[in-house]
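Naming follows writing order (A, B and C), and every chain is counted from residue 1.
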Amino acid sequence: MTTTDLLSVQGLAAGYGGALAVRGLDFAVAPGTIAVLVGANGAGKTTTVQVIAGAIRPSGGTIRFDGETVTGLDCPAMVDRGITLVPEGRLIFARMTVEENLLMGALNRRAAANLARNLDRVFALFPRLAQRRGQLGGSMSGGEQQMLAIARGLMAEPRLMILDEPSLGLAPKVVAETFGLIRQLNAEGITILLVEQNVRQSLQLADRAFVIEKGRVVLSGAGPTLLDDPFVKTAFLGL
Amino acid sequence: MARRITILLLAVLLIAALTTLPFFLKAFHIRVGLSIFLSAGFAVCWWLLAGFTAYYSFGHTAFVGIGAFAAALALRAVPEAAPALQLAWSLGAGLVVAGGIAAIIAWPILRLRGHYFTIAMLAVALVLGEAVAAFPVFGGSTGLALPNLAPMGVRVEAFFYWIALALLAIVMAVAWVISRSRLGYGLAAIREDEDAAQMLGVPTTRFKVVAFVLSGGLIGLIGAVYALNLGYITSDSVFRGSLSLEMIVNSLVGGMGSILGPVIGAAVMTGVTKLVLADLLEYHLAITGVLIVAVVLVAPDGLVGLWRRRRAQSAGR
Amino acid sequence: MTALVQTLVNGLLYGGILSIAAVGFSLIFGVMSVINLTHGIFVIGGAYGALVAWSVLGIDPLLSIPPLMLVAFALGWACQRLVIQPAVERGNPVAALLVTFGFALIAVNLLTVTFSSSVRSISPSYSFINLRLGDISIDLVRLVAFGCGLALIAILGSFLRFSRWGRVIRATALSELGARLCGVDARAVYAMTFAVASAFAAASGVLIGMMLPFTPADEVTWTVYAFIVVTLGGVGSLGGAMLGGLLLGLVSTLTQTYLGAVYTNMVMFLILLFTLLVRPNGILGSAFKASR
């Protein structure tokens, strides 16, 4: 763990009510890279990223972002600092228009100041959203909704964008598009933390990957290297 | 096993002590005891549905009213019978009519969940209250009078004190038996997750209907006593939103987690209202309100929950 | 024929008042899923506020609406922050309901102590003017109150539709977590919702005070009416509140004219019950939650 990391998580613990879903979790993301978290259902991936986004208060450990300790800050504070989570299940606002959904992404001061520019950028990236800016979010297809969720996240001008299972429920072709998009966003300078069940494709993308089991990181390494790891092969790739 | 016997013994002793109490108390205090038993009885019956299944009715006063008017009308049919018979007859009418009407409305009403059930029960109570006020059979706005059924030589308040105590013991026993039965476990499963319970083979509809009918019928039974004690009922006095609310408030103040909750809640709330606040009549409502807010915020699991938490803490230390 | 038209006109005018008196309740129910039993307090509180402004300071009730809305806004904010939010965070669905009930008891007691329980009314100079349109007669006050009610609903509608706060409130109602992840402070949103709802409840109370006599105990009635209006029309939407209010107004005056006043409430409650059984989300459905 070096001081140059954009995000570093140490000894993170969090849970719901009594039981801890995450216990003593460590990992770090270097600026400009793509990091991937993989793990079985219920391993604690969503909990981890929701803590980082400020939606769940951690019960232990530290989170540092860009050299500052941000442990336990709430969502608005995290968004202000440049951390945006595109959540599992998308959570777009179904009875609001595409445009209103996008405006919701631009609440922090920085993003609000650059609103027009960011809208243009997002519409250039997702022409379909531009066509449908007046349509209700909930009436769009699953793939379009996922695009909208990502676009909404981009409106906040994130430095670290966390995506929780963006490929869930999408057709293979759309999944490939989504991964391409993530690569493109990364190339534009946004650091990516990706949670995925689609282990093969996401590991190919990953500069660094972390395997989570029962709330802990049990294995880490460069993405493509992990693809050859015997544990990963048996646990996730069915080989 | 030893613990069970101890509890049973304590219960018998307590009932015996409470039974002898009227011989030592002033009329006013006997009436306070009577009020406590009646509201505890109502609360336990409400809890029979809400505590087991998390179906929070906002209109259980409907069954008080049904029981009360059933008793009053039933007594008109037998004006000459012996008082003991009249008593049994009117209590029976309260139980059967309230239970019957509960059975009729159970199926449509219990299809609703959450807030919708809550509001629908409120509507049932309001409709019945207005109907009773509107139709002359029920005495309209003048209401109905009930005869005094207390035997000669027995003080009225003591007489109803004993009846209310007996009924409270009965409904508590019913609740206790249910909590140990297959029905009780099924209802608890409904409370945790109704859809899951159904998939696990719990006959959710039948169980809910049974709980609802028991709850309504027993309230009707106590409602009959409530009416006899009042001696004179109108739609406003027995179909009264505050009666529904008292059942809820008492159960929550005491704690929804066990059958003792509603009883303790009723004892505390009624006791506080009648004894402590008697001199502060002008601010009675406000103080009740402060108490409710305080309990919800400070002791969300009620007084019983608070006590249990305390004990767990001191045991852990 | 004239009698029927007269009844319908009266029903619509009354319905407009029922609508505006229910929008606050609807907003809170839709956004926070809290059944707010303090609603009637803010309505009746608005009526008493206007009474004080009129009888002590000589201010016309209509002019007292904006300052009273501000006061109610502040009180609503404080009430939500201090007692209701902590109860909501308990996670028990009834906890919030009970807290609002307790709060209503406190408030109605204070109102009774301050103003006594006797019946009050506000009658500014124009309150006895009657407009005639052929054979139909219309109270000027009712017409004015109706117009103000519609204007208030339009203002609230624009606030929700076009303002930044309105958008944030709608988003939070649709998905609290989604909104928080956008950087929304959900607690502030709930406080804002409650404050806005309280302000509009108080404004409707002023209008009601101009039309009808009132006592502190009437707060229950207005909470229950709001309940019925919202159940009938649908939760969370102003269109629903309008539809529910107008329907209820029509039904209640029609019943009163053709069946008798004793049946009015019974018919209203029967309609509530019937709607719940066949269409629990109201005629228009919930604005925020998927229908079941």
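The definition used in the following text is that a contact is a pair of C-beta atoms (placed from the backbone, for glycine too) under 8 Å apart; a residue touches a chain by one contact, two chains touch by 3 or more.
A quick note: this is a predicted structure, and the numbers were derived from the prediction, not measured.
Closest to the middle of the protein, by Cα centroid, lies chain C. Most remote from subunit A, judged by the distance between CA-atom centroids, is B.
Subunit A and subunit B have Cα centroids separated by 53 Å. Averaged C-alpha coordinates put the centre of subunit A at 42 Å from the centre of subunit C.
Once the centre of each chain is set as its mean CA position, subunit B and subunit C turn out to be 32 Å apart. Of all the residues in subunit A, the ones that touch subunit C in their complex are 53-55, 74-76, 78-80, 84-85, 87, 91-96, 100, 103-105, 107-108, 152, 156.
Of all the residues in subunit B, the ones that touch subunit C in their complex are 56, 108-109, 111-112, 114-116, 118-120, 122-124, 126-127, 130-131, 133-134, 241, 245, 248-249, 252, 282-286, 288-293, 296-297, 300. By the touch rule above, subunit C contacts subunit A in their complex via residues 167-168, 170-171, 174-175, 177-185, 287-288, 290. Across the complex, subunit C meets subunit B through its residues 33, 35, 83, 86-87, 90, 92-95, 98-99, 101-110, 112-113, 220, 224, 227, 231, 262-263, 265-266, 269-270, 272-273, 276-277, 280.
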